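In the two assemblies presented below, chain A is common to both, partnered first by chain B and then by chain C.
The block that comes next holds the complex of A and B.
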């Protein structure tokens, strides 16, 4: 089924320079390709082939059959894509993702940079703080979603602290607050990872830059703006792109936290819809088309983020 | 650095740390309480401690069985990643062979392929074409070799002085022997980092095992706990304690491992891994 990517073996052209010729063709250590072979087979089987297969499914009338049953699956051009783009549920899931990204991405970048720079100043207990920030990232979302559900339920701790200020209906069953609640949850869960990324970047800014700015009379805020922020520009690009990708991949949170994208589709996400359409409703072709559209949108957003943070 | 700015740093960090740690406190305390509280004045309970929540969740989802499934899933991924990742990492860092740059390009591409695109074709492939639905292999296969781990191995093997390898080759050692007896012992810290980075993926993974396992006796804890939360809990009288007990059981192995080995887990490794 899949063509395994192996380095082609050629016979050397002239018999006189036998070993030299073979070296040129295979490299000095041909055994290296044998070492890398399992990984290449894995990539071919788990990434390359499904990628091509996804395109095939998306352009055909594809359906599940019992094993061994051969059925014709005709080419249908863009029909699946048109189905997807005219489906109000799909458009709603994209709108919900937009709400998510507008809250999650800037909040993530700002909070991670602020906390990373606070950690970076050689303070005491830095390791303990780092661990506290990092633990939610390490923990299974299913665990933490269980905790947040109880905290934010209508009779939960958050509402009992807020008292009369508690929203009605409560957070996760309120159509205006469901998606923002998920965005807050994901920001909280992932932040530790982004703090680590920023910490690595901050450690690469030469201390002299801060010192000379300080001698020139720059305040802490001015140094943050003119030394720190430009100094971590590459990390910011990475943080934005990874946050966008995470946002586009949301599944577990709406599936569990808001009971499958509720209330009334207010927190429906594209991947949740791909699962419902492709596997529950047995329409893998529309689901594959939707996946492709989603990936194109994510690609464009990431490109924009890259442009915006690029040095002028 | 003036005294006031230092004070502010601590205030910001402490406030944030509280926000990050509190849900864990809530989870662990609630897991051992007869009636997990929802009011702030009972946040520090003195009585009502119990293990009943664990038996309650165990009666619905077979806690030990699910934990074993999580362990098998994770162990399979670790085994694949360490075996094949070390081979690939060593080859990429230390051997000159045809197809090396192609392998490198492939790795970059793999890091960029999003799961939304692979979900449906992989599901069709693994459950329909290969018939691996409801098997451990079907769960493990998409994660078998962690590309980030291959990057980390490559990075560490590259950092070793090349004279060591040349000397070993002159002594007539085979490349496999050099990898096993020279290279691997020198990158032990990398091995720990890779094990940690790789462990959290399958242990916490929900979506993929949820898709390929319908048989509850094969489901990892993340999946069976999710099923409990979304289906069973509503029909139970007092599910909160049981949910928190399950959440604690799922969270703890990773948190403990990380706390034990956290000195191996540094900002620069993560940065290197992500940037490739």
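The block that comes next holds the complex of A and C.
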């Protein structure tokens, strides 16, 4: 009698098996990973590599040289970070950004939600309004900045309308008003995009919820507070995080609108300083350290926004 | 949880990389036999239309005579400034052989990067430069060597609208504004006559803006003392105070706006004066009747030193055929080529006895003669380490005190001098 040896059945998902390990890495359909590969390479080259390289630069005394030129780039520990954090100009740029975020982020979220709700309620000319709100977002910053400079310069249209009520010095050269002016500009420019996010979220709220609340006698304001706001909670989280990230990366507007962060540094931003230090002044090490600090701060703010708006 | 994992992974990678000290060195050299290499070369020209036309004509003339060493010219790649495009090209190893738009302030950084060829290494390098430009060219040396050939200058003078001067009751042919006090009186008269501003230098924060307000007047006041000499800032002095007070008065009394112009203020008639070089003549020609006068000093003088605003030529270590590049450099800065440059652009080649070398041109173009005369008395920015950073520090302190009045002139002068000493020392 011959013994029949039945080989153990190896299920593809058995832990520790080679197939299981491969599946863990490539997923259930490896062909899908193949399609994702070009994007993964793109992310690795364009985002991950520069990020890691920036971390390396931030911890070294680094200077860009021509190929073939030998130069010592010693490890300096936290020296670049200390330089950055003790530089009054850097601290001023973070303060300016805080002013910007305090104005821009809540204003963006509130205005976008209110306008999106109005557009979603089926007001007349809704399509025209949607386009009108979205056009500034699509238009190049440089051209819009030109228009704002003409509007808000001392001899501009806004001051002509305000007459004796116009601020002196004028908006963009006034230390107290420069950053709020930029915050208003950016809010206006970006609003169309955030309205679009809220519109998508609003359309996911079942109409029955509004109907039953109305049947129970809830007013429009109560429905907005108890149905609409909780219904778009996830969109609000996204809007807040995107607004924080965009605001923290502010560059074009102060560069063009207030001519490099003026007046007297009142609209200087961290990214503008990174550009000055890293590109113009050839100090990539301090610029990289500043960039890392900015990434950490933005990460913490985004995490806070996420926690505050997350469903309990 | 996911965030924590990602952060931990990123942190570990960072620390791993950070713990590797040194590194970054690469092997190789400047191309081995590049210094004696001959063959085709590439050059970059500025984005100025007239200069491009000149450059193309010179290249065409060279190429006709040198079939084995053809030159290809193109504009400096787009960027927010030429300096940034050149810095990036040096780092990437894609710089051309020659660039015809070098600002002196950027040279020290590029030398440190190892991006520029020391022109003294050519047998006739130093002698050619000094014979063409005179002994004053030594001011353009970095670390005792020529890393740039002083090519052309645009002496900064006061350019004014004669019609607006007449309207204000000033004599357009002889405004008599050579002293600070007279200049301020004239400026007040202009604003009182209804012109929006008497003079309109850009009040913006870029590091190079002092070259068109404070620095020309400081050079005039001191007879040519550069911002930094012998490793120390020079402007915390009576001369610096006089010039800073002058500009402070201009802004305090509203004789110049604190915001940037949204158009060409001279052409638009919103200002009566501008500090500019000869390149501006073409822009105003036909639009307004312009006059020129030297920048003012506290005591008043007709023969003052002013800012050269030079643009020079450098050779880059990425160049594989440096011998050809050097020959072309000499060809493009010869008397003939310089004459063509003057004709095409109105910019002043930096060579000895400019007016005597091109008498026909200045006779035919009398508006440019004043600038040719001024080229005998110019000074440039100093060749110092951290040059751009030093000028940025200067500009920010100046803006705070002089343009916006948030600090005092004394605080600006002493604070900026102290900070700049730390950068260049």
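Here are a few things to note about the model shown:
FYI, the second predicted complex is superposed on the first by the 274 of 312 C-alpha atoms of A that agree within 3 Å, B and C clash if a C-alpha of one lies under 4 Å from a C-alpha of the other, contacts with A are read in each partner's own complex, and residues count from 1 in each chain.
Convention: a residue touches a chain if its C-beta (ideal position, glycine included) is under 8 Å from a C-beta of that chain, and two chains touch if they have at least 3 such contacts.
Just so we're clear, the structure is a prediction, and the values are computed from it rather than from any experiment.
Overlap between chain B and chain C is detected when the two structures are superposed via chain A. For chain A, the partner touching the most residues, choosing from chain B and chain C, is B. With both structures placed on the common chain, the touch criterion links A:64 to chain B and to chain C. Using the contact criterion defined above for the overlaid structures, shared-chain residue A:264 touches chain C, although it does not reach chain B. Of the two partner chains, chain C is the only one that A:72 touches; chain B does not reach it.
Within the superposed three-chain model, A:175 lies in touch with chain C and out of touch with chain B [touch as defined at top]. In the superposition on chain A, contact of A:279 is made with both chain B and chain C. In the superposed model, A:149 lies in contact with both chain B and chain C.
Chain A residues in contact with chain B (one complex) as well as with chain C (other complex) are 51, 64, 67, 146, 149-150, 155, 259-260, 279. Those residues of chain A lying in contact with chain B across their complex are 1, 5-8, 25-33, 35-36, 38-40, 42-43, 46-47, 49-51, 53-54, 57, 64, 67, 111, 114-115, 118-119, 121, 123, 127-129, 131-136, 138-151, 155-157, 160-161, 188, 191-193, 196-197, 199-201, 203, 220, 238, 242, 245, 248-249, 251-252, 255-256, 259-260, 270-271, 274-275, 278-279, 284, 287-288, 291-292, 294-295, 298.
Partner chain A is touched in their complex by these residues of chain C: 3, 7, 10, 13-14, 17-30, 83-84, 87, 90-93, 95, 109, 112-115, 196, 202-207, 257-260, 262, 317-318, 386, 388-389, 392, 396, 399-400, 403-404, 406. Chain A meets chain C in the complex at residues 51-52, 55-56, 58-60, 62-75, 89, 146, 149-150, 153-155, 169-170, 172-173, 175, 259-265, 276, 279-283, 299, 303.
Against chain A, the residues of chain B that register as touching in their complex are 1, 5-6, 9-10, 12-13, 16-17, 19-21, 23-24, 26-27, 30, 36-40, 83-85, 87-88, 90-92, 95-100, 102-103, 106-107, 109-110, 113-125, 128-129, 131, 141-142, 144-145, 150, 175, 200, 203-204, 206-207, 211, 222-223, 225-226, 229-230, 240, 243-244, 246-248, 250-251, 254-255, 258-259, 262, 267-268, 270-271, 274-275.
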